[in-house]
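There are structures below to look over.
What follows is a pair of complexes built around chain A, which joins chain B in one and chain C in the other.
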Partner chain A sequence: MKTAAEIRDEIESLSAIPTLPTVLTDVLKLIDREDVSVNQIGDFISEDQALSARVLKMVNSPIYGFPGRISSINQALMLIGLGVLKGMLTGVAIFDVMQKTMVGLWEHSIGAAAAARIIAQKAGIKEVEEASVAGLIHDLGKVALGVCYPAEFGQCVERARAEQKYIFDLERDIMGVSHAEAGSWLARKWNFPRQLVEAVAYHHKPRLAKEAKKLAATVHLADALIKMTGFGFGGDPFVHPVDEEAWALLGLSDDDVKDILLELEDSISGTVLSF
Partner chain B sequence: MKLARPVENESGIALYGAGMELTPAIIERLKAMGTEAVFIEGAIEYRFPKKADYLAVVETAFSKTGGKAINANLRKIMKAHVEAIYGSR
Partner chain C sequence: METIVVFTGDRDLNAVITATISESLQGFRIKTFESRHGVLDLVYDSPPALVILGCYPDHREFVNVLREDPILSNLPIMMILPAGELVERWTDMPVDDYLRAPPDADELRMRVSLAIFRAHRVVETNPLTMLPGNTPIVKEVQARLERGAEFALAYADLDNFKPFNDKYGFTRGDEILRMSARLITNIVKHKAPKDCFIGHIGGDDFVFMIAPEKADAVCAEIISGFDRIIPTFYDSEDRESGFIISHDRAGNRMLFPMLSISIGVTINNGAFEHYGAISSAASEMKKYAKGFEGSVYRIDKREKGA
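Moving on to the complex of A and B:
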């Protein structure tokens, strides 16, 4: 078995997920450059009709909380900021590879994005778009492990099904690292905002987060709630025990949770067009 | 662009059915009626399971959380939620 350090090296050497379109790799590089303005980035994305259509479709869906209001990439950039856009672009662009990694993983991810946004609103978190993106990419590590170690990750998926276990535990047993660690390595390597890196790293253990405890707590609960609904598939159907500290940090009442569940079902069962 | 859910008036009577194509004329009529938003068919395809299947999903989801108080409470809320949504459909 490879050591965690060797696995980390291999995952960090993924300059891009293999099937990512070149335009996305170029955009991600552009976002990291300090001499390029937000408008220039917006214009560059707008030149690729397929990518901008996907981003606008996503940003206008209830998952991101601006249903039907954003008509241009530049407008999206003004509202969500570059850091969040970077996460969103990655989430949108890994759609295809997510579908190949695990049937239902994309649905699980967009469901978690919607849940995270609604939880963040209820918990009084200002950066709701950041919460959505954190939910969208929280399982980035499953894609990384699936791409770098298809045989071992496939074994995790198969054993999780056959033995009715958490895939998180099997990843650690079989590969010595979890998708949370793998995802955070990749997110850090790709210069994602630190808050997003922490949310990915600690979505199973939010109390370990240092700077983004509330965001990690939000994704932790979003992951649980979306599993409760059975929407999508993240490798196993089991809710993890919800962390008491994370729960207390969010300060949600039973009525809040009831409201969140109702709104979540509206989000995942249809797209709202606001007039 | 099609309606994902019917648009009803205040008495609950469906004015436009699910699947109806949203033409500019219909959108104008909806606006004139004071409708603020409608559900449209989107990229996400989701069909609600049957009630018994949904409750089984909930049971499976919580089958590994033991007696932890927060999870027990979430399970209770979720089951009540499922009962409520099927009661209203």
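Moving on to the complex of A and C:
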């Protein structure tokens, strides 16, 4: 087994994560259109974790001079500019091998983004877009592990199903690192704002977050709620229990959660990936 | 007319260089020197486009004399090195380019025009934002006025920037300036790609020029973009409350609202003859815009006095 330091090096050497082939086709169609607006591109990017991560990485690059500052896709687009953005989108990579796991994960991510947005609104959190972005990229580490260690990660997915275990625990058993760690390494390496790094790192244990407890709690709850709806598949065979401290921090009632679930069902019914 | 100074310390070499470059470079006056005496006078009197030095016994020392004065640090200098002379460390001889003596004619012509082109390209950019600074801004405005171009001149600056800097420090202040530069540049280039110009006067003062009919849309988008992005640069407690406690210019502690941007625009309809006039008209509009709370733009649509 590789040491954690070796794995960290390999994860951090990723310059981007690949996206799904259908997304790439749609990207190319979109940027070929003369009249495409920044907002249209923004809406599109906001539904793809690979593209969103790329945009955040770029806008937070030290070359622009405000690293770790921007966590909103729309703000990022205003600061990157359409020309650079188009260039960036044309260079987007797709998975070498089409994996069913990745499709499920993509849907899980979009769903978590929608759930986090609705939770943030209900909980009176001002930074709704930040919550949505955090939901979208919270499982960045699964994609990274899947890209760097396809055999081992595949084994985690398989055994989670067969042995009815959490994928998080299997990752630690088989590879020695979890997707939460792997994702936070990338987020930190790519100069994402600290809140996003923490939300990725602690979406399983939001009470460990230092500065972004509320954001981590939002993503933690969003992760559970989207699993309940059965939309997408993040690799876990069941819904995880919601951390009590996180629940208390968000100050939501049971009725709020019912409302959130109803709204979430509405929101995801329109988002079906076609493969 | 710009000058090229040729001072190689060798009369024949001076003559060869002058003959070679005067053939291909129009619009430049070439001045040759045989002693360093007149060179310094000329350099300080009207900075030349390029200085060609070489083969002179103390040329290394002379380069350093020129470079020592920060005001001359961007003066383009080309060195003609005697055959066989090696330069181990360029810090000892801070020139921009060199050629071997005797120089090949084509090589000399190309290097000289490249050196001048390069100097024009890098002329005075603001180190923080890499946008053109004061001199190129004035040049660009003047050039547009001289060719009678129709354009809108906009001055933008930030409101409450000083108290922000006092509270959060210069590093965060610089982040704001880079972000603002980026935002203005993207919106101007996207909305009005034709004949646009964006410059950074210094501090929190920016300038841009666009086609008059685009002014409204560009300013409106800059303002809304700025207001959307700016809370991100505050700590969460200040973002929640919507203001900061800091000091005004007199040192009084008071509440300040979030940073905003004010833009004043004037349109050249042929009434302005020189930089000073159009610049003060735009400044006046900006001052007027700053009188309103929050991010605001004001376009001067008054008819200019006939």
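We take it that the second predicted complex is superposed on the first by the 185 of 275 C-alpha atoms of A that agree within 3 Å, B and C clash if a C-alpha of one lies under 4 Å from a C-alpha of the other, contacts with A are read in each partner's own complex, and residues count from 1 in each chain.
What we mean here is this: a residue touches a chain if its C-beta (ideal position, glycine included) is under 8 Å from a C-beta of that chain, and two chains touch if they have at least 3 such contacts.
Only a predicted model underlies this, so the values are computations on that prediction, with no experimental measurement involved.
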| item | value |
| --- | --- |
| Which of chain B and chain C A:E245 touches, first, second, both or neither | neither |
| First, second, both or neither for A:E6, with chain B first and chain C second | neither |
| Which superposed partner A:K126 touches (first chain B, second chain C, both, neither) | second |
| Contacts of A:V38 with chain B and chain C, given as first, second, both or neither | second |
| First (chain B), second (chain C), both or neither touched by A:K258 | first |
| Partner chain in contact with A:I268 - chain B first, chain C second, else both or neither | first |
| Touched partner set for A:S72, first chain B, second chain C, both or neither | second |
| More chain A residues in contact [chain B versus chain C] | B |
| Chain B versus chain C as contact partner of A:I80, first or second or both or neither | second |
| Partner chain A, residues of chain B touching it in the complex | 1, 4-5, 22, 27, 30-31, 35-44, 46, 48-49, 54, 57-58, 60-66, 68, 70-71, 73-74, 77-78, 80-81, 85 |
| Chain C contact footprint on chain A (complex, rising order) | 38, 64-66, 69-72, 74-75, 78-83, 126 |
| Footprint of chain A on chain C - complex, ascending | 128, 174-175, 178-179, 182-183, 185-187, 189-190, 225, 228-229, 232-233, 239-240 |
| Touching residues on chain A, where the partner in the complex is chain B | 57, 61, 67-68, 107, 110, 166, 224, 227-231, 237-242, 244, 247, 254, 257-258, 261-262, 265-266, 268-275 |
